[in-house]
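All remarks here apply to the structure that follows.
By letter and in written order, the chains are A, B and C; residue numbering begins at 1 in each of them.
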Amino acid sequence: MTELARILTYQGIPVWRHTRVIQWAAQILSAIVVVALVAWFFANVANAVQERGISYSFSFLSREYHTPIGDTFVPYEPSDTYLYAFGVAALNTLVVAVAGVILATLLGIFIGVIRLSGNWLVSRLALAYIEFFRNVPLLVQLLFWFFIMLVLPPERDGYVIAGQLYVNNAGVSFPWPTGTGQPIATLIWLILAVVAIIAGFVVSRRLSRREVETGRTSYPVLLGCAAAVAIGALGWLLVNAFAGDAPLAISTPEPQGRFARIDGGFTARAGMIVLLIGLVMYTASFIAEIVRAGIQSVGRGQTEASRALGLSQLNTLRQVTFPQALRVIIPPWISQCLNLTKNSSLGLAIGFTELTSVAQTMTQLAPPIPIFIMLMAAYLAMSLTWSLIGNLYNRRIRFS
Amino acid sequence: MNRYLKYMAGAVLLVIALAAMACQQDAEPPAQSTAPTAAITAPTEPAAMTAEATAMPADSESTSMTNQGDSRLASVMSRGTLICASNDSLAGFGFADASGNITGFDIDLCRAVAAAVLGDADAVEYRPTTASERGPTMQSGEVDIMSRNTTWTSSRNATWGNFAPTMFYDGQGFMVPKNLGVSGMMELGGSSVCVQQGTTTELNLQDFIAQNDLDIEVVVFPDNVATNAAYTSGQCDALTTDRSGLVSTRAGFASPDDHTILAGTISEEPLGPVVPHGDEQWFDLVSAVMSMLIYAEAYGITSSSVPTAVTGDTAIDRLFGLEGSYGQEDMGLSMTAAQDVIRAVGNYGEIYDRHLTPLDLQREGSRNALWANAPCTDCPKGGQVYAAPLR
Amino acid sequence: MATESNPAPPPLSSALPPPRMSVGAAGWIRANLFSTWLSGLLTVTSGAVLVLALWYGLDWVLLDAEWTVVTTLGGQFIIGSYNSEQACPGQNCFWRPQAALLLVTLLLGMGWGVAAGGLAKRIALIAAIAIALLAFLPYSLDKMGLDVRLLLIANLPALLAGWALARYTALGTARWIVILSVAVFLITLVLLRGVPGVPGLQPVLVQNWGGLTLNLVLAVAGIVLSLPIGIALALGRRSNLPVVKSLCVTFIEVFRGVPLITLLFMSQHLLPLAFPQNFPVNPLFRAAVVITLFSAAYMAENIRGGLQALHPGQAEAARALGLPGWQTTLLISLPQAIRNVIPAIVGQFIGLFKDTSLVYIIGMVDIVRVGYRFVSGNTQYLDNAPEVFIFISLVFWVFTYGMSYVSRHIERQLGVGER
């Protein structure tokens, strides 16, 4: 026994008490367990796949899908492939995620700020909003909004606002720019428009720095916008002159045919509207709390000082409180963005054809295993993108 | 220090106990062992016992491809329940009533199979399955049978599982509100149509549009509630699905007369049960149960007139295991399985009358009447309901 | 409540609050509703919106809405098909969940007795009285029998019994409550599941457990299990053992990076392939595991946040005192870290409870599906679907709001965020 104990030593310490040994043993053991478990799973899957003749090949991706997809933001034909259809659905998810994040952030900031307002009624209403929407499952809220949407009149006798905006239970239609005869002209102008926006940003950055440095009022936002509009308008005129045609035209929605279905313009269809309303209302309640905590984390002295310096209430919030609060706000905000992106998968419960919904529909005629692998990969990619943004931000604030 | 260790140990034990509880729920012997068979149907003999006693030896001799331990029949018998992927939200075919019982035309087939195999029509575990979940559900191999208004198609046959004989012959139709004044399917150009995802009807609609070059906006929904609610609120101008589904949906509307089901169909929708690939014995068994239901009606035997002694009519006696055999031994069925089945759920006609006649789904003159020269005297004939003769 | 949610004077108001000019109602109104013209405008518009919303809302709730669908489903919302003829042939099984409820109330009473008033008392009383009041629902006697009503009312004596038990016997300690809670959870499972061969306790298949009970079972199992798993994952992620660390990181990132509904689909459709046929793992169990792991991944990140925020001096001091590494972590770092992130943890618990509603999509008959399948299969109720979802929202809200209320109370008691 003692013989054994003497042999089983490492660096003079019995192995079962040597930290390094124990740690390595634990690692190897856990690795073995995990590998064994995974191997067992795979063996079983392989077995089942063979026994029941289940396909697991990705070759279906080049087959034609031939199934309708409700909402599409890019042209989609039934003769397109599974792969393309998957892409169409992924784009749907992305559009909803981006739009949802923007709207939820705006609403969240608004509610978070009025939650702190000195007005008792308004702050109570904000509190009620937060407590309700945060505490009811998103899925139930979505189902609720789904039925609320159906309360609107049908397309054939829906509301028309100012002859341009059509609101009905099939969706909301509004005028939307479309390209005209010359795609090159449209493209050139779009590039110019981007340039204009960047220029506007640069101008407003410069001016606001000057404002901070010299104390002279320089209207950064106003002048920045003016610069952007000026460049954009100039580009428009130039393109128009050279191409002989405006780069963009406005298409207006209009009821067509016997069923008065609306054609033209852009239609945000019911599924997307319901999903967006649900996601935005839900996520905004979380963002509002994040914003509130962020603002409260900024010392009161800061606000008082800037007020004493003569900054207006709004400017205090915009230039003193908010920039400081952002450090506290951004990390949890990123995780809300991530949540919203993932939650968009609940669109499948209310008929918005996002990624999960389309992937599930595909399993009717295509093998589920590869489809689920692609689905997981797509969501992981989106989530990792958000994490990346968060990490970049964290690094930046750590170094500055 | 010691105290913390104790707490830790307690927590670990708790975890293990919970896991054990959760597992045990399934591993535990089946409910039916003590549960008296439902009041609805009271078999005169301890059916489960006979089924087990006769089926077990039969099974071990069986020439099926899969070995004894893996056979689905053995799994079902050792589990004591039949796992049935079903619909829980389509009136008439499979739905939950106000106290939570799942009933319907398709449900009764699962009950019949359970009665045949386990001697207890109530020993069924229903797995509510939405349309687009059906493929993965069948391929997971977890369910023993799916009976859920599912269309038999060749690609489904190739990937999902084997389709037993068709239980209901259907075709896809359109329903529109009367006030739209639409009189035929070809007038639907320019309209929007609601359809459910993951169904053949979704695919057929696409074909219909392409074929006839109609400008139809397709609006897809994940399930029955959403599809129907969207239709009734006018979000789409028309609703399309199996005609039986249309009739069933319309039957519940406050004013069914405000909706027309347009004449004609755009597809064939033979609806029948599916069993997983990989076990032919099980497939044969389910097919035989379908034959029992159909031939019981053809021979004029109802749930109240199931013979327990030789009648002298060879076909009837063979069906009910009183004389000869139709292959029970090879399928692993008890000789008298049909007695349990018909006593518990009735014949095809009774099942139809119980669930579909109240919905105004006319059987007389439809494709779901028995084949033209079926031997019965006062049963609807001239249709397509037919299955392998039991002999 | 009122004092708590009147936080420090808001930054939006004028720089320094002027001394109060007037007191009383008028003064309060001036100060809180009409301090500036902007504030006044806000008050008027939001007040108008509120009044209109209330007016139309109440009009709909009281006059237009058709609540019979909710009352028809009644007990199904609580327990699904459990008491149906199919699940429990020839008997009344409703007393079993009710008996389990009595035990829970008993525990609540004990909690009140041990805590001697305060929050525990409030919760216990509100819960028991609310449950007992259910006995007076205006159902006819053959829809809701006397036995059901009496068992509901019995929750009041059960509460008092629990209180007395805690007060006058040796059972009145926190440890006993923990032990008894576990016991009650197990007894509940046995009661619901039944015991073969015992008359009156005939087995009921797990697939028939439904309604709110299913959500609660999933949530309780998830809450109890996701915390320890999350702690283990968080520690693993911070460990300096490369294998353990990378395993934990992978696990956490994968489970956090994918929507729960996708994971649930996989648990139902693909996971069965990974087990031998007829392996005894039922769908409910698989769903519970997935929900728990999903929540545990989030929990791990919360706890890791707490650990990261901890001053390294804490651990160093412990090491200096000679505590071995694992004891330092378990006894020094972890408790402090957890204490600091209690709000996040409770938030995650609430999230988990809300997430249990997702199981309806994979065909489990939770409270949402109870309503959903009924309006679907009985199209005469299709128009009343909003009523169903409003009712379900309220049920969820009561529970989640209760949880966040308790969390805020604990936070205040522990003084979280005050150091």
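Points worth noting:
In this text, contacts are C-beta pairs under 8 Å (C-beta built on N, C-alpha and C of every residue); 3 or more make two chains touch, one makes a residue touch a chain.
Note that the structure is predicted; figures quoted are calculated from it, not measured.
If each chain is drawn as a node and touching chains are joined, the picture has every node linked to every other.
C-beta contact counts were set side by side for A-B and A-C; A-C has more. The most central chain, judged by the distance from its Cα centroid to the centroid of all protein Cα atoms shown, is C. A straight line joining the Cα centres of chain B and chain C is 37 Å long. We define each chain's centre as the mean of its Cα atoms; on that basis chain A and chain B are separated by 42 Å.
In this assembly, the C-alpha centroid of chain A lies 28 Å from the C-alpha centroid of chain C. Across the assembly, chain A contributes residues 48, 54, 147, 348-349, 360, 363, 368 that each touch 2 or more other chains.
In chain B, the residues that touch at least two other chains are 133, 136, 139, 141, 229.
Multi-chain contact residues of chain C (touching two or more other chains): 265, 269-270, 273, 277, 361, 372, 385. Listed in rising order, the residues of chain C touching chain A in the complex are 5, 7-16, 32-33, 35, 39, 42-43, 46-47, 50, 241-244, 247, 253-254, 256-262, 265-266, 269-270, 273-277, 325, 350, 354-355, 357-358, 360-361, 368, 372, 385-386, 389-390, 392-393, 396-397, 400-401, 404. By the touch criterion given at the top, residues 72-73, 76, 80-87, 89-90, 178, 182, 185-186, 189, 193-194, 196-197, 202-208, 210, 221, 224-225, 228, 265, 268-273, 277-278, 280-285, 288, 327, 330-331, 361-365, 369-370, 372-383, 385 of chain C touch chain B in their complex.
Here chain A touches chain C in the complex through residues 19, 23, 26-28, 30-31, 34, 41-42, 44-45, 47-49, 54, 113-114, 116-123, 125, 127, 131-132, 134-141, 143-144, 147-148, 295-296, 298, 300, 303-304, 307-308, 313, 316-317, 321, 338, 342-343, 345-346, 348-349, 356, 360, 363, 368-369, 372, 375-376, 379-380, 382-384, 387, going by the rule given at the top. Within the complex, the chain B residues that touch chain C are 1, 4, 10-11, 14-15, 17-18, 21-23, 25-31, 33-40, 70, 75, 78-79, 81, 88-91, 94-102, 122, 125-130, 133, 136-137, 139-142, 223-225, 228-229, 232, 248-254. Contact residues of chain B toward chain A in the complex are 132-136, 139, 141, 155, 159, 180, 187, 189-192, 195, 197-199, 202-203, 205-207, 210, 217-222, 226, 229-230, 233-237, 276-278.
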